[in-house]
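Each of the next two complexes has subunit A plus one more chain, namely subunit B in the first and subunit C in the second.
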Partner chain A sequence: MNFLSIPVLIFSPLIVALLILSPFFPNNEIKIRRFSKAFAILHFIYSTLFLLFFNPTNFGWSYQKELTFFNVSWLKTLGITATFGMDGLSLVFVILTSFLVMLAIIASKSMIRTKHRIYYPLILILQSALLGVFCAKDVFLFFLFWELELIPMYFLISQWGDRDSSAAMKYVVYTFFGSMLMLLGMLVLYFYSFSISGVLTADIESLSMSENVFAMWFQAFIFLCLLFGFAVKLPIVPFHNWLAEAQVSSVTPVSILMAGVLLKMGGYGIIRFNIGLFPEVFSNFAPLLIILGVVNLLYGACLAIVQTDIKKIVAYFSLSSMGLVLVGLGSLSEAGFEGAVFQMVSHGLIASGLLMLVGIIYLRTKTREISALGGLSQVMPICMYLGLIICLGAIGVPLFSGFPAGFMVLVGLLLSDIEPQAFLVCMIVLCVLGAVLSAGYILRLFHKTFFGSVLSQFRADTVQIDEDGNEITVVYPKRGITKSEIVVLSLLAFAIIFFGVFPNSVLDIFEVTSDIILDFMKV
Partner chain B sequence: MNAVLTTISEYFVQSIATVLFLPLWVVLMIFINSSIPFLASKKMTLNLTLGSSFLGFVFAVFSLFYCIKNPQALVENNITWMSTDFQISFGVFVDNLSALMLVFTSLICFVVQLFSFGYMKKDESFHRFYIYLNLFMFCIFGFILASNVIQSYVFLELVGVITYLLIGFWYKKRSATRAARKAFIINRIGDVCLLIGIVVLVYFSVVFNSAQNMVTLSYSTLQFAVETLYSMVSDNAYLAIGVLIFLGIMAKTAQIPMQNWIVGTIEAPAPATALMNSFGIVAVGVYLCARFYPLFILSKSLMIFITFIGIVTALIGAYVAMSQNDLRKILAYSTSSQLGVVLVGFGVGAFSASIFCFVVHGVTKALMFLVGGALITSLKNEADIRYMGACREKLPLYAFSFFIGAISLCGALFSGFYSEASLFNSVLDFGNEFLSFGFLLFVFMSAFYLFRAYFLIFEGDKKDDISQDFSEWTIKCSIVLLSLIVIFIGYILRGCFGDFIFFISPDKLNYLNLVQNVLLLFVVFGAGFIAYQLYMAQNKTYIILKEKALNKSNLPYKLSYNAFYFDKVSDWFAESLFLRLCRFFDFIEKYVIGGIFVVLALTTRVFSYIFSRSQTGNVQSYVTYSLIVLSGVLAVVAVLYILGSLMGV
Partner chain C sequence: MDFLTDIKVAFLPELIIAGFVFINIFLSLFFNKKFYKTSQWIAILGVLSAFAAIGMVQAEPTYQAFNNSLICNVYTVFFKSLILVASFFVILISHKVIKKKRAKAFEHFSILFCAILGAMLLVSANDFLSAFAALEMLGISCYLLSALLKNYRAKESSLKYLISGIVASAVFLFGVSYIYGITGTINFDNLMLALEGYQGSMLFALASIMVVSALTMRISAMPFANYVPDVYNGSSYPVGAFLSIVPVVAGFSFLSRFLLIVSPYSPALGVVIMIFALLTICYGVYGALRQTDMRRFMGYSSTIQSGFMLLVLGVVNAYNISSLLYYLICYLFMALALWAGLSMFYNSTGRDDIGAYRGVAYSRPFYTTAMIFVLMAFAGLPPTSGFLAKFFVMSAIARLGFMYIIFLLVALLLMVVGVCVYLKPLRVMFEKTSENINMPNKAVFTKITLYVCTAVTILLCLYSAKIIEFCELIAYSL
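Let's turn to the complex of A and B:
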């Protein structure tokens, strides 16, 4: 088991990125792409090994490792250490990250045409940052990786895709604003825990022990500061405005990573900090979070119904799905908590699938306007069937991964201790209303793109004249679907069905962790 | 001999899960078969599928035999599917009801698959159709064998998905995809209502039933669970839970106001339509109603609600069917109306009579849809009965089997006689005059539209001479087989219901009662006579009457022809009301929430402009600025100091 080391897991993408950037690496786009693809696949296999040898005995943590420089801790005098560790929760997200980065790199083959030499390193740096966020056991280490993620993300959004730097700017400003408040919260927490316990430490576990002595309003202040940072990331209405724009203007692999992993950082942060450090405050704020979640759910769904840009539909679908996460977390019951985490995993897969579909369609038709699309089933049947599976997952049909999450959240909501019961029942009714709406907009997306007739504007330029002067009709769009796209879509479809049929395969991973967190909350 | 049979049947019952997974295996095989170019064999696809449904039938018959032999024994095997606060299991559960349903579902699946071979032979997506049929079998078997409420829900939604796929089978047709989407969304609305009900049930079962490792909401303990629930919650809450669950059933069985999707099923290939309207998605609703019967029966008002919805749908469906011109639409509305009557049976407490009625309806409706499909194909896809006529001479088999189906469906003869008479009897026993009258009205209208369809299609003048006999042997074979079933099944099964299929205690079906039988027959043949006079005989008075009734401006006719404008109303709600709300949100999103960012950015820009303007490079002005700022700060400090000394700090 010694070969499983978290620092290797986290920093190897960074090192590979530097290697590709270094002048020794051949400046050949195929070589760069294949090298990073091979690395991503290996990295994914490596990360699944962590699952095989996972042993959550030490308060749910496993593979703990402190990174030292010649036996000296990082920022030793301040008590800040570079400690990494994995509990069930981190493990789920680490594997998700590694999986989606792999798929994003495979998908990049057809989506990325320029600046390969910068693109792949940026993706890998992003991967390092994400893994760091999920594995950091120290508050400031967490913050370091949290901010590190912004740098590659800014360039990835602004340099590829629609090359809309204002969207990238919006993303950075929103996130940065949120994380500044978060930093304030972290610093205050750090200093006051020092003033009370007399020990300088930023370790998440140690901090969670000392929190009870603070005054309630003071805890609430820190809680809100931290929550704000995560709310921007999750995103919670009304801090969600960056999401749709950043999604629409970025290129498909980047939006896959954004919807698939970046949003999960927010949910992870809420679990790790807001629930883990301030369980009492959290239980006071729980009804508010449930309401916010329901607002997210319905607001996102309503917006998704009227969008004309298919990528925006998917973006608002993400917003709506994240609402369910908040509802589940707010319910404070085991079923709700596990449902929320499951929903994050499931949404990571489903949103990636939908974005991939949108990307494939955009690549061939050069448009995302829903009114300009139609009839694709006639030329891309394989894409349609895989798309159907993903869409059914997005609607939340049983035996697809969306259903167990939703069901657990709903039951968990009713099982929570929040009074009165009528409030909970109302929230459940609103949540299932969201489920009906999701069927509406996802089927609209699916039908308007794949069914109906091929529009004339595409027919017109597909008629070509061959050498003898005869008209030949080139079938629109020119290609059906490439191998790399099939691989990505079918892996996602497989995962969606697999986790839908065997939800326990995910639930078992973080069962111990969720028990610990919830027990801690009850005390 | 008997001992051997018992052993065999026990073996079959214990391994009944095979039935569930065989179709999935067949799907895989068909997929492999169809994806090999040049070698793809349609025969092989057919044989595999027929094999799986026939094996299902064999398993089902032996399970039924086992259940008859051991009336009290239930077979239940479970595995854990999901565990959090509560455990959710998947499993198989065989009792009398599920064994019986399995027998009929697999039988109809078999016949329909046989029929489809001839029907779909020339279609390019032949294999895909069979894949769908097998997936359908998987879902419906999973639903029938479900051991607990949650598993039922899972497979119920999957049946909805398969229905969506089957309706949208010819996805190049815009009307098909539209109908598919509509059916899915309406069913989804019902499903989520059901889901709320189930979530509440799970909640109570977790709270009151903290015993670990117990299957949540298993059907074997549902009776006890709902009795506990009834004693725990207030009447209104219980009613609300019951209504929510019943809403799911209403959507599936196409009851008012969620009935209009059933017309969309005609967009599917004819065999699939037959399947959906007999033992497909509508059977899911009825079966669920039978499973939840212990819950419904505890609340009097709930039963009244069920009866009310049932009778209203029965009347409206039959009324709408009277004026439709598309043969398949007549049959589809007829499904909705007949299922309304089945629900009336549940509502008045005639459990076994309703199940009987439902089974007979399913078999008959399958026959009529298959005949209709074959007929329409023979007439080069002419589905409008006004342009048909005198088909009996060229297509005697279809005429004969359609007649059998029609006679049975309106309860005059054959199987329908037993079921309808016993249901009518229970309705009379219930003792509500309006209900009894409504039932008679329903019988009248059903008989009318069925005879109207029969006369217009098969008798009278020839209006179109394009009829040609389109019949593969599989088509003829399956129609003959189904006709025989329709003729005899009621007679065979009449002792089964009430003795063997019952709720809590056996209740003998009472279908022989001279006065009532004569009354029913009188109504049916009266309707038949009127239909004959209107559409066949050239009697002047009737022709004038008909002209008057079919006047386009005649309100009753318009209501009937447009199905009471349910579509228009729902479209108005969706588009004018809801979409406007969504557009309003979109406006807020764009200009209010998006605007905040713009305002912030502009503010920053303005300030940066002001401050950059102040960078003049002029030392004198810098000194002035600093003096102003300094004096301001000093003034504040001084004020604070004075205030502090005044307060005595």
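Let's turn to the complex of A and C:
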């Protein structure tokens, strides 16, 4: 399809961002917001067109396109090209990104009060960077977009969130630290594949062909360097420290994007590079990854249980869910692999939904302390019903998207070839324990905020005293929730139920890709 | 008339620059301070005509002039054009300084031209004697330039600069005397012939290390990096810009040619240089993290960047030198842009501490956008040329082999700290403040410098294929 061009998909948000930043654009909050919203919706529709014309049985990459500058490849002399392409895996994440950016922009209406002129362009630049990461077909192009995402994120966290905290700096330093080791691995890989094949190339496909000739310890070195970069992003437990702080100190739309898409960059990187380029090393390291995943799962769950800040509960829920991704990938079986990818998609939707709920509650009650909340179902019933769907998804109840994900990962673990069996059984038991714990903290979150007696300050008709000592009557919008918030929550709830009932709609997209990757591993 | 032919064929730009030194001195006798503005235009004219003359010199094949004490080839022409481009922008941003010191405007430019001449001769130098003469010419002009403000700090910084410079010169001569003792020649071409078949020795390596450490004085790297923040702090912004670019460019051109000759015969030299480089980055990062004065910050910052450039010279081959050349091009433009931005701010507010930048983002959005890109380039983040330059340098080290991985690893980790360093000013710019920063729009030239150099910094990342090819071409010609 000629009108489907990946460069257009990736760079159109950037161009729109520049347009909004340019002096010609009216400096009017409503115009800027509506324009970005309209663009985000169009962009989502455009990205779904890629799905419609995508041939899932096609081996390899579709929609390939190389970007040239004056008919010269980007860095021709270094063998680095600006080549984009999509396979089933990329496509899943591209659509997820586009969808969540759209929701984040819709949600921004009630959450963002200042500096719209910079905020919306930054979100769109971030979108460009994320799409670039998922579509890059060249190792260093991938790295460029990976780094490009840092700067908009730094400003989005530091400017619209908690201004005094150093969370943004921490985020940048952690990610940059990881990505530097990743760069080390990439450079070593690039030059050693050159020394063996004699062709200077950084194309992912060509690199995956030539890697098998390296010594095992050498492959393991590169593998660990790359894994480190992705581990910071995913995050895997010793490197998770930035996540909760960054989540808590950023505004809701930004935390939606962080939990929904940015964490998936790590998972995508592990699949694309660690599995795609080093299948043999990966199968040796698989038990370690399963252990790390289980540690993530349980440690995140334990941390979530003891939190009193509801946003922190959601942040540690993300940490815990990412553990399941690692377990799925480490199981080396088809079901586990597909479960891991499905878990990433499902977690993107569920975490966004939970964060949105937290954001809506915080906007109205000005508190995130779980002890200060209660009885909100009486003032905002719609929010409660939609929240219920999202929370059920988070627990992993059948017919909600969390269930097929967790189920497939466990089945994958059962079918795994890893020896000894006792190890697998232990791990399965621990995973199930994690699921039980998740039910514990998610239900606690839901129960403590929505049920119980309505605290007096949340009654719709109460009179409150504001900071200056004036009496004000708190007027909640109709049914306690605005239209844009209903749209966001119900779209997410719909997606959670849809993918829970028809998990194949996602799985079919990347089935061939996962087959290719797994076949590769068995050889 | 051999002498005149040499000048005509290969050294016309130097002649023009030397001519303008005298023109400026001459004019300073007759023009009083009313005509201080003319001096800037005359200086621009001088640099532009020298730049035009560069197009006329014979670069291919290598031309040996003045009894083979100076040479002219593609490599030197490339470096001379870099020096002239940097000087051009430095002159553009020095408007405010000559306005303040209007009685000394012509003297200022005559000294500046002396320094440019010294740098250009250093690039061309083909034996140790002419190199030493050029180094001293560059050095003495720089000492004078840094003393130009004539206040307490300027005097202190100039003296400090002078003393470190003298020590460096002594070390240089000491090293050269050893090399002369071993090979019996000071000319580079003869040196190459004399060293053929030489096994290499620790004494020779020691001599090379001495020469290299003396040159680190000019490129503001360890072990002679301590003076840099003080000197920048004492000099005006344009002079700071000049000191952070022109001696660095000239120093690296000489250093890489010198290393190309001696490194095969000097065991351990490469490792020593790489350790120097890493120490330099460490020192720069450590200093810059705690710095609140922007000029001192720039001093440490140029130290950090020099450290990255020095790192590739640990092993001298065409790929490494081409990555150095690309880094120099990028460094030139980003340093100019940052100095222009800082001097614009200083000229309108009169403050140079980092706290003065609080809240700039809200009153000057375009200025801040440009500064964001420039600081990102310094930190090595995309989509700026700084990213590609750092990437190129790191790839050059990765290419050397597994032994060098440890250096690469340390450098990459130091880059992480570097990001903190360069995000610090950005963070301050976005702090909330009630006071409105008043920055008049009069400084047209400074603004042009800031925006043009920022644009070049970004474009160099996108359209770099040709430039990298060009750098490789020049590196292979060496």
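By our rule, the second predicted complex is superposed on the first by the 495 of 523 C-alpha atoms of A that agree within 3 Å, B and C clash if a C-alpha of one lies under 4 Å from a C-alpha of the other, contacts with A are read in each partner's own complex, and residues count from 1 in each chain.
Criterion: a contact is a pair of C-beta atoms (placed from the backbone, for glycine too) under 8 Å apart; a residue touches a chain by one contact, two chains touch by 3 or more.
It should be emphasised that the depicted structure is a prediction, and the values quoted were computed from it without experimental measurement.
Enquirer: Looking at the overlay, does A:A335 come into contact with subunit B only (first), subunit C only (second), both, or neither?
Expert: In the superposed model, A:A335 contacts subunit B only, not subunit C.
Enquirer: If you count the residues of subunit A that each partner touches, which comes out higher, subunit B or subunit C?
Expert: When the residues of subunit A touched by each partner are counted, B comes out ahead.
Enquirer: Once the shared chain is lined up, is A:D87 touching subunit B (first), subunit C (second), both, or neither of them?
Expert: neither
Enquirer: With the two complexes superposed on chain A, say which partner A:D203 touches: subunit B (first), subunit C (second), both, or neither.
Expert: It touches nothing on subunit B or subunit C.
Enquirer: Should A:V72 be classified as contacting the first partner (subunit B), the second (subunit C), both, or neither?
Expert: second
Enquirer: Does subunit B (first) or subunit C (second) touch A:D138, or do both, or does neither?
Expert: neither
Enquirer: Quick one: is A:E485 in contact with subunit B, with subunit C, with both, or with neither? Answer first, second, both or neither.
Expert: neither
Enquirer: Look at A:P404 in the shared chain and tell me whether it touches subunit B only, subunit C only, both, or neither; answer first, second, both or neither.
Expert: In the superposed model, A:P404 contacts subunit B only, not subunit C.
Enquirer: Which parts of subunit A are touched by subunit B and by subunit C alike?
Expert: 173
Enquirer: With touch defined as at the start, can you tell me which subunit C residues reach subunit A in the complex?
Expert: The contact residues of subunit C facing subunit A are 372, 376, 381-383, 387-388, 391-392, 394-395, 398-399, 405, 408-409, 412-413, 415-416, 419-420, 423, 427, 430, 432, 462-466, 468-469, 472.
Enquirer: Under the definition above, what is the set of subunit B residues touching subunit A in their complex?
Expert: 80-86, 150, 153-155, 157-158, 161, 168, 171-172, 174, 177-178, 181, 184-185, 188-189, 192-193, 195-196, 199-200, 202-203, 206-207, 578-579, 581-583, 585-586, 589, 593-594, 596-597
Enquirer: Per the contact definition, I'd like the list of subunit A residues that touch subunit C in the complex.
Expert: Subunit A reaches subunit C through residues 69-70, 72-78, 140, 144-145, 147-148, 150-151, 154-155, 158-159, 163, 169, 172-173, 176-177, 180-181, 183-184, 187-188, 190-191.
Enquirer: Could you please specify the touching residues of subunit A with respect to subunit B in the complex?
Expert: The touching residues are 170, 173-174, 238, 240-241, 299, 302-303, 305-307, 333-335, 338-339, 377-378, 392, 395, 397-399, 403-404, 407-408, 410-412, 414-415, 425, 428-429, 432-433, 435-436, 439-440, 443, 447, 450-453, 503-504, 507.
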